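In what follows, structures are represented as structure tokens.
Two complexes follow with subunit A in common, the first pairing it with subunit B and the second with subunit C.
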Partner chain A sequence: MAAPGPADPPPASLLAVENLHVRLERGGRTRPILDGVSLALARREVLALVGEAGSGKSVLARAIVNAVPPPLRVAAGRVLFEGKDVLALGERALKSVRGNRIGFIGANPMGSLDPRLAIGEQIVHKLRSVQPGLSRAEARERVLAMMARVALPSPAARFHEAPFQFSGGMMQRVMIVDALVSEPALVIADNITQPLDVTVAAQIIRLIDSLRESLGTAFLFISSSLPVVAQIAERALVLQEGRVVEEGRVAAIAAAPREAYTRMLVARIPPIWKGVAPLPKVEGAPVLEVANAVRTYVVRRRGTFNAKNQVKAVRDVSFAVRAGENFGLVGESGCGKSTLTRLLAWLERPDGGRIAFLGRDLAALGAAEFKAMRRTFQLLLQDPYGSLPANMPVQRMIEEPLRIHGHGSADAARLAQAAMAEVGLEPELATSLPVGLSAGQRQRINIARALVLKPRLLILDETLSALDQVEQAELLELFLRLQAEHGFSYIFISHDLALVRRVCHRIAVMYLGRIVELADNATLFEAPRHPYTRALLSAMPTLEANRFPREEYLLDGEPPSPIDLPRGCAFRSRCPRAAADCAATDPRLAPFADGNAAACLHPHGGDAPARTPEAADGR
Partner chain B sequence: MAETGAAAAVRPAPRGATPSRRMLRLAVSRADFRIGLAGFLLLVAIALLLPLVSPINPTKIAYQVKLLPPFPAEGWQWPHVLGTDQLGRDVFMRCLVGLRYSLLIGITTVLLMFVVGSALGLYAGFRGGWADAVIMRLTDAQLSIPMIILAITILGVSRPTVPAIILVLGLSGWPLYARVVRAVALGERTRGYVLGERVLGASDWRIMLLFVAPAILPPIAFVAVLDVARMMIYEAILGFLGLGVQPPTPTFGNVIADARKYLLNAWWIATMPGLFLLVTLTCLNLMGSALERARNAVLQGEA
Partner chain C sequence: MFVLSFLLRRLAQGVLIILLVIFIIFTLLRVVPGDPARLIVGGMAPDAVVAEKAQELGLDRPIPVQFAAYLRDLVTGDFGRSFVRPKSGASFGGSAFDDQTRQERASVLDLILDTLPMTLQLAGVAIAMALAVALPLGTLGGLHPGRWPDKLALVIGSVFVSTPNFWLGIILTLFLSVKLKLLPAIGYRGFSYTLLPAIVLAVELVPFILRTLTVSVAQVMREDFIRLAPVRGLSRARTVLVHALGNSAVPLVNLLGVQLGMLLGGVVIVEFIFDYPGLGLLTINAVLQRDFPLIQGIAVFIAVMFVLINILVDLIAMSIDPRLEY
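Showing the complex of A and B:
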């Protein structure tokens, strides 16, 4: 064994955190935030830090660069980075570490740069402040080179653009340039995929993985989701309330978690393919029928006086929801699901097409008839905080819909109390104001408000996404119980594919305002026909092996603007299967022999649509 | 450091009551608000009650006691603690009557501006469209006419009675309320609770009156306290210009205007009403600024 010479490179460990304690000190009381955390990270390694909100992940990230803000304070411990204790460095020495040897990428790419200045100039400025020896021209060269490496299209032009001219995904690439341009040894990536859509997030993960290999940078990858880190990290550290509860290879933690907390984390992650029982087919009468719904917004073109642009938010959407059915609507931001939700809840009217409820066209109803019909379909909103009036007691809030529809106050009070019991709200809450109630309790109030009207259909617009896992599970159970008792139909509008997989009988996938695939649960997740559905599934972070490998199905680029859609099929600009005829024909949603439908000229699975595209109606 | 992402938005600490009640509670807990309130209530009580029980008639001329100096000075006489004017009228009582008119006009005007301005602003902001365009052009038109010009025109042509003065001041003040309320209502229109009510089937009127108004108006009403002070000053200015309530009824404005000639040898005639106005306005401003600070603190705490 050769003895290391005096001039040998530093030890294999790049970063070592030893027994780190961080405390919150306020008003004479102290609370531990990090409680004896130790970790080691080798060069070129990706270490994941997993934990729920409040577990201390972000505080640890800050402690590593000695930037813990008051009232937090590092009470004990060492952070050895490249052999030096970062916590003992002075401000000047820190400057050569922070932003230089250690880069940082955060969850808010849009807010991280000055909105007024060109992104290139800002990154050049930052690079020269951490590496003062660099000339302006050299710094510029390096920024441009790095922009090319993260696959930002036409770097020389985009160098001069301001942050608002970038999409969220592109801006996250800019932040990666910002972090990597100084050629750091370590990059801390704090929740970087959280604000991004699932396919864009998958692209970013793929990019980071390739950069790590070519640049040899180590990554500390922080996330609250185990499936997300499983995509990129070898080794993971599970943090709970400031303590490391488990450490090991991600695959091992996922397969056989040792600690109770980690077991619970893993158990909460629903399976997508392995051991999923198929949902029964629902054969009720249609409750809601949407036929060729169209909604176009007219917006003024930027920089002109009266030139108008048309934003085609919903294009020719048709589907039907049956009694007792759970219908899923999924898609990425900008696909038109919010607009479609507003149309379904009749907060806006479609420009074309028909929305019929219980067989009656909503547009044809008179005011009184419509108000009566209003009772039968209800929308539950996403934000449990903004959706309740702040100065009304809980029971009064639940009486509100009954009073609107003309019930007497004694009658309304009785029904409201019954509804509170049914959704699991304690009677003591009747007189309290919503301030201080948890998100789950607030959503229960919303559910009770809808429930008292005895609706037939509930539209759930990301209703569960603001809740934590435990509350989510409880409310889901409540929804299913109410469905069994009252025969509700649900429309789940969600970006959470795992949730949709668990509860929805049929699912529609939207892309650029159109339903591109409408299929039953098993077909959609196991043998989807539209390439976009496959791309969505391949981008989904999972612990189990993904049936749709990214190398094969993941898309490049981002959706085109809904203002100028490509001619022919709107998806062809990103479609791996696009052929010449895709540019000529815009495929409509066409059913197959099994009753499922896709809007594609060259669907996966080989079989041709059963009927001509023009006859499609999506039922 | 706050946790990153959406999780941070979940579950703020319970804070006990609605924002408006928190504002009020926060304001009341401040010493300056309490001092202002105590002083203001004392002044109002004296102004309302004393002229009722006192035998002194503030308009009665008595040459034998003219130009008596106020209390500690040589030659003062009971019961004229603040002295008498050139016609022997009691300055203290004249100040109290002046304060009555000042308060009556100040408070009524602000109520009028608040009710009219808020109603129009709420309607404009919540309904949008034509209603909004018409109401906002009305505020523009109104704001382009200076208050004094308006006062000279209206009060010069008709008689300057109390209702006329309130009308003039109210006319020049409502557009500010309309604009502020409109701006807030515009923001409330897209809030979740409004959407929630719509989905339940509530009419626009029901949403505006039962939900939007109680949510947005109290904070604006708090700050209106400061406007009472402003309106009292305007009332004094109109009185000074001879456009206020006419003599022999004493008001701050006409008393000060009359007493200017005697400022050198009988300084108290003009100074005493000025002092009354000063103390009242100070009390109002203490309350108003405490409320304003409480509002800012609560709004920032929520942001």
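Showing the complex of A and C:
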């Protein structure tokens, strides 16, 4: 039962998958999902499995533990694990493999455990069901010890908390405990960083790397992104439509891919530093001006009768977007970018400060004036499925905003058809319902809906993140073409730094409701001043060498709650450069000589802020 | 600490709801035609006696004053006295206005508290019967969507939901009671008299429980943590019993809470058919006899029960799923 100690001679291979075929069988038709996959994994090795959505990588992960759900079926092949064919094992023998010798971590940490029950108890239960000899107290002891090893703060207290009381990153640590607590020889990690914020994902990778070294566990590390696996794996397999198309060292695949498919995968990865042409500076008149915007939510404090908490979602945000400019707004979950988006789109009003469009304060406009103004700034959302009415023909959908703004139906139809042509929707789609349209086509409808009003500014709230890379590239091209023709300004609200690097002229980085750095593209990516910006960049998975090594710049922990901000600089609790004065002074966004700005008392890069930041009132 | 603040908040809300119910019932009863003083003393009494009775009952005062007086009495636990029912039980016939038995009128609270255990017993047995059938079948249906248990649950649900309760009551009485002599049907002289009306009520409940349970079990079974359970090494039995049923329990508890509330107030038809001496029968008679204090009392009482049941259901749901604590 116990893992072989270092004294045992390591067998040549821990896991060998031989010519595995898995088929989808439904309604008398079969379709191959895995088509003759073979791979070998040695003890203590990290093998990466890279493939796009639908390549069959998650099915392979389940097939290795003989848990392929119907209507999928293993048609042929063997999975040799520690010398036994897992696919031939009975239920009883499988119990000593699944969850015991082979651990599993999935892509959805928040949904991986029963949402109602304490995580500690659930892991104890799992451990005792795969190792029945263990007493409750022993199992508990081991879970707590493993919780401490993955650096979950106060394990004894968190043992009794339910999944909803954890953040995504912390919950992924819990799932690492769940996978490793039985001391498995192999852990299958299926896309584990995909839902996480970039700095949290980098922390998880760092944690797994250190654990596998100390525990001697082998990892099958599955991801759709080559840069992600390059952070941890030596060797990689590239899976395409159920076949292994290329196999080799990650560095070799990244540098010189042999197969056409792999070459395309590598070519699609946007460069961040190497050979990036600087974007020209945009000197238009300001379209949108935000001055000292503040938004605070009041929520009832849990467990009290009537006490209230203040959630400071947006704190004193100021910036301007010029005509024809692409403005980027980046930050991690909970940084306030969604609230700011709602303020910019005037779906919600700021509690303080001023938002002016084309020089006019939105708060001062009357209802009729505001409606006319509303045409000129449009919001595009992330979810292409939830944002379209399911029972309306496509052209009617695009006419809708025109009718709202008082166009006659013949006029609206003409403009809608023109817009459809402009965004690349075939005229045949005009009378059909949106069912069955791809995410990319749906986003084109959304773009057309905004476009018909001849807006000046489009607010793109993660508009491209639900799309695959090909669709994303096409839509980006469309955005830039429309900009050249109509002189639009864009605000890209995104967590995707590579996208922002490609298209945004200026970028604002948000942390806990405040813009901590606002700089042009080149400065922000090449010589950022704020330590948080550097931490974000260091956490980016890249194939090229990262300019900001993680050892130096990556942060620990997670952002504090916006209810309970640290005194002084809100970033100081995680800041590697924090000094005594950071606790006393809350730095405001202050410009440097080159026009860029950062909210930091001790910025990187030498030159001091042009004006001294005002002392905070000790909030 | 949390539970305390929760209770405080909910009880405060409950008091508001009950006040509103009292106000509506009180006003409606004063607006509809019919003179209660005349009802009490009987059709043959002279007008002077009616006026005297009205004055004695306070019916001659302005309605807001009557309302305030009624509220004050309620707070002290005095639900008033029935207009027409004597303490002895049976309601009056057409006897003369000076009949001595008219003097001893029954307390509304006593009337309600006498019949409440009967209705609670009926509701409890009915829910137990319904759960015994629907719990296993609904769970199986949810575990195998589209297969035979699911279809069986659907068929049973459709047949039961489209069976009128008065018809079923009569048919069951005919077969089980009259023909086969298995169960007694009319009145109440022991526990066995509860079974037949309980079966009729259970048949009404089963479709709702089946539907709720199959839908929620099927939904939970599609969740990631259930699909991940075999890979983590959990057994199928534990996955279903602890995780699937545990997560389906909250909608079920909510449903049962609403149904229990309905059963307390609304088993009017079934109690009437079987002449079962519960709250429903009391309500019907009170309405037929225009017995204002009794109708008011029952309405207030049911409102209080609804509020309490809802608080209890929320507490249970919160202990099943801590995410519901807010």
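Some observations on this one:
Just so it is clear, the second predicted complex is superposed on the first by the 602 of 619 C-alpha atoms of A that agree within 3 Å, B and C clash if a C-alpha of one lies under 4 Å from a C-alpha of the other, contacts with A are read in each partner's own complex, and residues count from 1 in each chain.
The rule we apply is simple: a contact is a pair of C-beta atoms (placed from the backbone, for glycine too) under 8 Å apart; a residue touches a chain by one contact, two chains touch by 3 or more.
Owing to the predicted nature of the structure, the values given are computational and were not obtained by experimental measurement.
Room for both subunit B and subunit C is found when the two structures are superposed via subunit A, with no clash between them. Judged by the touch definition given at the top, the superposed model places A:114 against subunit C, while subunit B stays out of reach.
In the superposed pair of complexes, A:106 makes contact with subunit B and with subunit C alike. The superposition-derived angle at subunit A (between subunit B and subunit C) is 30°, Cα centres, a multiple of 10.
Of the two partner chains, both subunit B and subunit C are touched by A:69. With both structures placed on the common chain, the touch criterion links A:209 to neither subunit B nor subunit C.
With both structures placed on the common chain, the touch criterion links A:35 to neither subunit B nor subunit C. Once the two complexes are laid over each other on the shared chain, residue contacts for A:194 go to subunit B alone; subunit C is not touched. More residues of subunit A lie in contact with B than with the other chain of the pair subunit B and subunit C.
In the superposition on chain A, contact of A:138 is made with neither subunit B nor subunit C. Of the two partner chains placed by the overlay, neither subunit B nor subunit C lies in contact with A:85.
Here's the short version: in the overlay, subunit B gets within 6 Å of subunit C at its closest Cα pair.
Of the residues of subunit A, those at positions 62, 69, 106 touch subunit B in one of the two structures and subunit C in the other. Within the complex formed with subunit C, the subunit A residues making contact are 62, 65, 67, 69, 95, 98-100, 104, 106, 108, 111-117, 125-126, 129-130, 162, 164, 178, 182, 302-305. Against subunit A, in their complex, subunit C makes its touches with residues 1-2, 5, 8-9, 223-225, 227-228, 230-235, 238, 242-243, 246-247, 320-323, 325-326. For subunit A in complex with subunit B, the residues that touch the partner chain are 52-54, 57-59, 62, 68-69, 72, 106-107, 190-191, 194-195, 224, 345, 347, 371, 374-375, 378-379, 381, 383, 385-392, 400-401, 404-405, 433, 435-436, 438-439, 446, 449-450, 453, 466-468. Note for the complex: subunit B touches subunit A at residues 1, 3-11, 13-20, 191-193, 195-202, 206, 211, 214-215.
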